[in-house]
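In this document, chain identifiers A, B, C, D and E correspond to the written order of the chains, with residue numbering beginning at 1 in each.
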Amino acid sequence: MSERVREILSWYGSANPGTLTNLSRLLNHGRLAGTGKLVILPVDQGWEHGPARSFAVNPAGYDPRYHFELALEAGCNAYAAPLGFLEAGAREYAGRLPLILKMNNRDSLRNEKDPHQARTGSVQDALRLGCAAIGFTIYPGSSERLEMYEQIRAAAEEAKRHGLAVVIWSYPRGSDLDGKAETAIDVCGYAAQIAAQLGAHIIKVKLPTSHIAQDAARKVYEKEKIPIETIADRVKHVVQCAFAGRRIVIFSGGAASSDDQLLEEIRGIHNGGGFGSIIGRNSFQRKKDDAVKLLQRVMDIYAGRGA
Amino acid sequence: MSERVREILSWYGSANPGTLTNLSRLLNHGRLAGTGKLVILPVDQGWEHGPARSFAVNPAGYDPRYHFELALEAGCNAYAAPLGFLEAGAREYAGRLPLILKMNNRDSLRNEKDPHQARTGSVQDALRLGCAAIGFTIYPGSSERLEMYEQIRAAAEEAKRHGLAVVIWSYPRGSDLDGKAETAIDVCGYAAQIAAQLGAHIIKVKLPTSHIAQDAARKVYEKEKIPIETIADRVKHVVQCAFAGRRIVIFSGGAASSDDQLLEEIRGIHNGGGFGSIIGRNSFQRKKDDAVKLLQRVMDIYAGRGA
Amino acid sequence: MSERVREILSWYGSANPGTLTNLSRLLNHGRLAGTGKLVILPVDQGWEHGPARSFAVNPAGYDPRYHFELALEAGCNAYAAPLGFLEAGAREYAGRLPLILKMNNRDSLRNEKDPHQARTGSVQDALRLGCAAIGFTIYPGSSERLEMYEQIRAAAEEAKRHGLAVVIWSYPRGSDLDGKAETAIDVCGYAAQIAAQLGAHIIKVKLPTSHIAQDAARKVYEKEKIPIETIADRVKHVVQCAFAGRRIVIFSGGAASSDDQLLEEIRGIHNGGGFGSIIGRNSFQRKKDDAVKLLQRVMDIYAGRGA
Amino acid sequence: MSERVREILSWYGSANPGTLTNLSRLLNHGRLAGTGKLVILPVDQGWEHGPARSFAVNPAGYDPRYHFELALEAGCNAYAAPLGFLEAGAREYAGRLPLILKMNNRDSLRNEKDPHQARTGSVQDALRLGCAAIGFTIYPGSSERLEMYEQIRAAAEEAKRHGLAVVIWSYPRGSDLDGKAETAIDVCGYAAQIAAQLGAHIIKVKLPTSHIAQDAARKVYEKEKIPIETIADRVKHVVQCAFAGRRIVIFSGGAASSDDQLLEEIRGIHNGGGFGSIIGRNSFQRKKDDAVKLLQRVMDIYAGRGA
Amino acid sequence: MSERVREILSWYGSANPGTLTNLSRLLNHGRLAGTGKLVILPVDQGWEHGPARSFAVNPAGYDPRYHFELALEAGCNAYAAPLGFLEAGAREYAGRLPLILKMNNRDSLRNEKDPHQARTGSVQDALRLGCAAIGFTIYPGSSERLEMYEQIRAAAEEAKRHGLAVVIWSYPRGSDLDGKAETAIDVCGYAAQIAAQLGAHIIKVKLPTSHIAQDAARKVYEKEKIPIETIADRVKHVVQCAFAGRRIVIFSGGAASSDDQLLEEIRGIHNGGGFGSIIGRNSFQRKKDDAVKLLQRVMDIYAGRGA
């Protein structure tokens, strides 16, 4: 085990050895094994946006086995998906790559201003499917957030007792937050803090902009001259917001309009000390070969080979 | 064990020896050990106000280990924090200072007029992390308060059965209370009474002003000529409201604009028979050396050495 | 055991012997032991109205031990209070007088038109504190009443299984009832009926006026010429409403402006066949000697010695 | 409450107020109320020896109500019996005297050399029947004793949590103990110690002889010159063996062949500082009037009126 | 916290922070606080050997409070006793010294060749009494041992989940082991290994002789020339048998016939790297002043001040 992974595991002093084992499975798989960096393939868009919007552009993606294959070929650290997708491949791919059961989900047949999610999987599901971790979304800012916090708390307690790792997707949303606020630097840093305080081992946030949404926060950012101009600045800040870098924080790709822009963002994440990326649509919504190439370019950056 | 601590423990005749043991751990640690006074370091502001607003002014505070160190160096009786912050240091600092798991929390990405909190930790968490007590916030005055009372009741029953102590943060808030009312003397005294009736062993309230918010109460304060002019008067009254001084009541620092003002407040709390303070932002939002100095000046006052 | 107590116990054919034992503890304690009459000291006003409004006029009442002493010295049948007040004296006064755990409570920092209460104690609490009964408030007329009925039902089922008695405070309130309606004779009789139907062993209602609040009821009262002119008439009617007198119904003192008026009311209750009184503010809001004297004059009336 | 009862309750610092309340019910009922002494009527002989052997001599005793009446008329502190006997009178006599549910029993249709008992009642039974305590027999010396200790441990934990008191009948028996050994002073003292260590609140042992059964013990009794000549000496020693007199120890009547001899034994118990007696066959196996007279002579001795 | 205690805690990587906290309570209390050495006062002899054999020589020991006082005055790290003894002092001495609930026990009114013990306390008892650890005896060599292993396994799992430490008394006994074998070096080393494999945090064994009881073992001891001549040699070997010194192993005093011999043994334990002693009869079977002096001489040796 590399020194870096050893160091990362040392941050989780209250995790039992089972959870550390599963964290190390995530950190020691794929092309980035041992680097302390992670690129995870998440495929919950079929649920979140509907199947045609998600898979029609690359119909191979309708098949649940496709994503296992994609994650394997690209050398991702893990593959994260809802219950159905995992059940459809867990036997065939058992032992071949770490899985993360995305435990809650919502569809977009209805769009509440204050969204919530349904718990669609259980810790028992995660265990019987051989997962290394559970994944859970919270929407800080939603009127439903307190209930979401309570749900992940209970799920995390159970997962930890059973030796699983806990990944929290912390996505600010809600009627008091406009679209710009959802990716504001203050809001993303806050989202990372909340996930960390909830006891997450791995935190996933959106790549923030330099916008500041909360007045009370703006005063502090200005007074303390917190650097937020570049992506790297902002990533560094968000990582700091997650226990001074002592929690793994990874970023979702955001709205990159081109591969170059995406890779530029990845470089920013890397330079800012981010721990990696979770890349869904930018990977499975293109031909597999292209996807593998792109993902590997991303990984090269994280491995320090891709500046 | 000092006579004073022995006397304090005698007030809790319905607590089992396990709970008494944990109360004595709190009362017998740090610079104020044995005096019957408490200065507790609470750090839940990362969750309540966001990380930048909480830690940017003294970035060492982003690191969860910092607060354990600060509480130790200053000689605080205990350190109180949410699950994530405790998990991030509980192994490294095991046995070095009493911990309080702040079991419920809320963020300010949304600001309800009638606020509530989410339960983000459990009694089982408190036990596995070696805590001496659970901490719980209630918002008397909020439309959500009845549910909060029910939640702490259930958590307190479980905690007491397992030998833990129970600390209630009783902070009046809600759509019927304006900002001035939240610290009004009648409202703070009422908040202390509610926490005591809920079975709290330790009660934390805000330092009250001389304002009286409720008409029905004003008549009584005037008719009975309850002294509320000085801080000491008001502290004395609030302590009386908590079972005639037979429950431990500590105060949060309030809005002191300078150290001198803060220390003046502490003197008032001490002179009024308050049991101590819970000092968050005034401690971790400055350099550690300064914070230790300030906290120790506070403790000196409570120890009777700092008039 | 007196014939009268034996007769009263005979009404509770579905109560198990444990519950009968606890009912007899209530009926056989204090100056009214064996008479079938009850005078109970309730002290939940600290919670309901705030500590200063409750105790400032007689500051000894801030101390939880005071009320145990008062109930003992006056010879009350029982002392009823919320969890905190009972926990603060239950060991010291164990075995000296029957206790009733007031299991739900609310504060008045917020005043909903349709009030509810929070469950702030449990049957397990009642058992570990040595209580003879649980007490529970319902607000017939409130939009929350159905949930309150369900809550007391569940609590009562558990209490009865464990051999405890069940006391219901039945206080009509809610947005459809004006202040006058809350004590209207039809409404109070209705409240007594509801408590009896919920399975209460002891029912506490307000002393009714001769006002009739419900049109549908008024027709019947007039047609059937139900006598409601005197207090005794009305008490007799309310007692009839509680299973023809086969449930214990006691009355709260109401707003008597003088001791003479209070004693006049007590005579009315006694003459109407009421089973006694629950007297809070009129007892603990005066010096203990005075309170003991007043309570004993009340008891003398119920004992037939005080006409 | 008398000073003596208050003192006795102070020994039980780990008991909750509910258990203290039930202990005080036992100590404050009957002719010996308040003296700190107890005379308990136990009737489990119908089960232990068969009905004819138990009741034919005084056939009134076949009727379960008889024993309630006897205990009441004589002014015993409590009546102890198995489930059936209690169920047959608990409603009729509810609230009239403290009951002890004898939770385990055995018959003599088979006589193992290493006896055991069956759990024939539950804590739930005790609660629904209104009992103040559970009673449990152990046979130290039997090969079955370890299982008996485990059974009472579990029952006692449940009883204590529900506020009941725990009485242990500690009767040495087993294939390694001959008849003489069962009442040997060393063995009885040992039996008292075991019951105390098991957490009993009240311990019942046989009145010991001056015989010493165990070689290892004999050396100590001789070397330390422990006085065991008179009944008072031996009682004093057994009481010392039960936590230096800080547990209530009562004695069963033994093999007295006449009332005079019995009363002489009672004087010995009283003079040795014993807490009272449990008198079964000597009470219910004679006419009620005689039994009441005898029991009251016994009580007079314990009350200090009968030397 | 001393470096040595920190080092010791580092060996228990699978213990949660709660258990580490309780281990540190044991290691940081009394005269040996911080040294990594332990002297524990165990008083279960009243149960194991009977009260007279245990306490007659120093009758103060009949009183459960005596042993709390003795442990406190001598500065022992902890006091270990069965349920009854702990219940009788836990409130009075709450918070004053770490307690260990001796969870299983047996008496000697019967002496099986293959002994077993009864579970006479529970993890819930340990928590409500404020204990730092549970203690459990196993008899490797007894035909009952497998059931004992299963019982401690279950109890230890529950204790660890609740943050308690686990102490195993590992005393080889049984029909295949003669008296000499019970303290043979190979058997004691084996007993230490078994306790360590069962997951004990602290292991108590008897001080071994140089006798080797098992033929298969003798060959190895001879072939590998394992030094077992001196006490220090043998202690070193037993400590090695408990995970190369990475588990705390303490020794019971054995059959020392004089204080000088006892202290000589302690020097041997100290020189061999043992972690301390558990000293029962040699402490409470003499006058308190003498006991305190002896225990402190023992502690001085362990503190390196008493060679």
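The definition used in the following text is that contacts are C-beta pairs under 8 Å (C-beta built on N, C-alpha and C of every residue); 3 or more make two chains touch, one makes a residue touch a chain.
These numbers were taken from a predicted model, which means no experiment stands behind them.
For the pair chain B and chain E, chains touching both partners: A, D. Touching chain A and chain B at once are the following chains: E. Chain pair with the larger contact count among B-C and A-E is B-C, by C-beta pairs in contact.
Superposition of chain B on chain D using C-alpha atoms only gives a rotation of 180 degrees, nearest 5. At the interface between chain D and chain E, two copies of one sequence, fewer than half of the residue numbers in use are shared by both copies. Chain A and chain E have CA centres that are 49 Å apart. Between the Cα centres of chain A and chain D there is a gap of 67 Å. Look at where the CA atoms of chain A average out and do the same for chain C: the two points lie 58 Å apart. The centroid of the Cα atoms in chain C and the matching centroid in chain D are 40 Å apart. In chain B, the residues that touch at least two other chains are 13-14, 16-17, 90-91, 124, 128-129. Chain contact topology: the protein chains form a pattern that is neither a line, a ring, a star nor a complete graph. Inter-chain contacts occur between A-B, A-E, B-C, B-D, B-E, C-D, D-E. Of all residues in chain A, only 13-14, 16-17 touch chain E in the complex they form.
Per the touch definition, chain B reaches chain C in the complex via residues 11-15, 140-143, 145-150, 153, 157, 172, 174, 176-177, 186-187, 189-194, 196-200, 214, 216-217, 220-221, 224, 226, 237, 240-241, 243-244, 246-247. Partner chain A is touched in their complex by these residues of chain B: 46-47, 49-53, 56-57, 59, 62-64, 82-92, 105-112, 116-122, 124-125, 128-129. On the side of chain E, the complex with chain B involves touching residues 1, 5, 9, 16-25, 27-28, 90-91, 94-96, 124, 127-131, 161-163.
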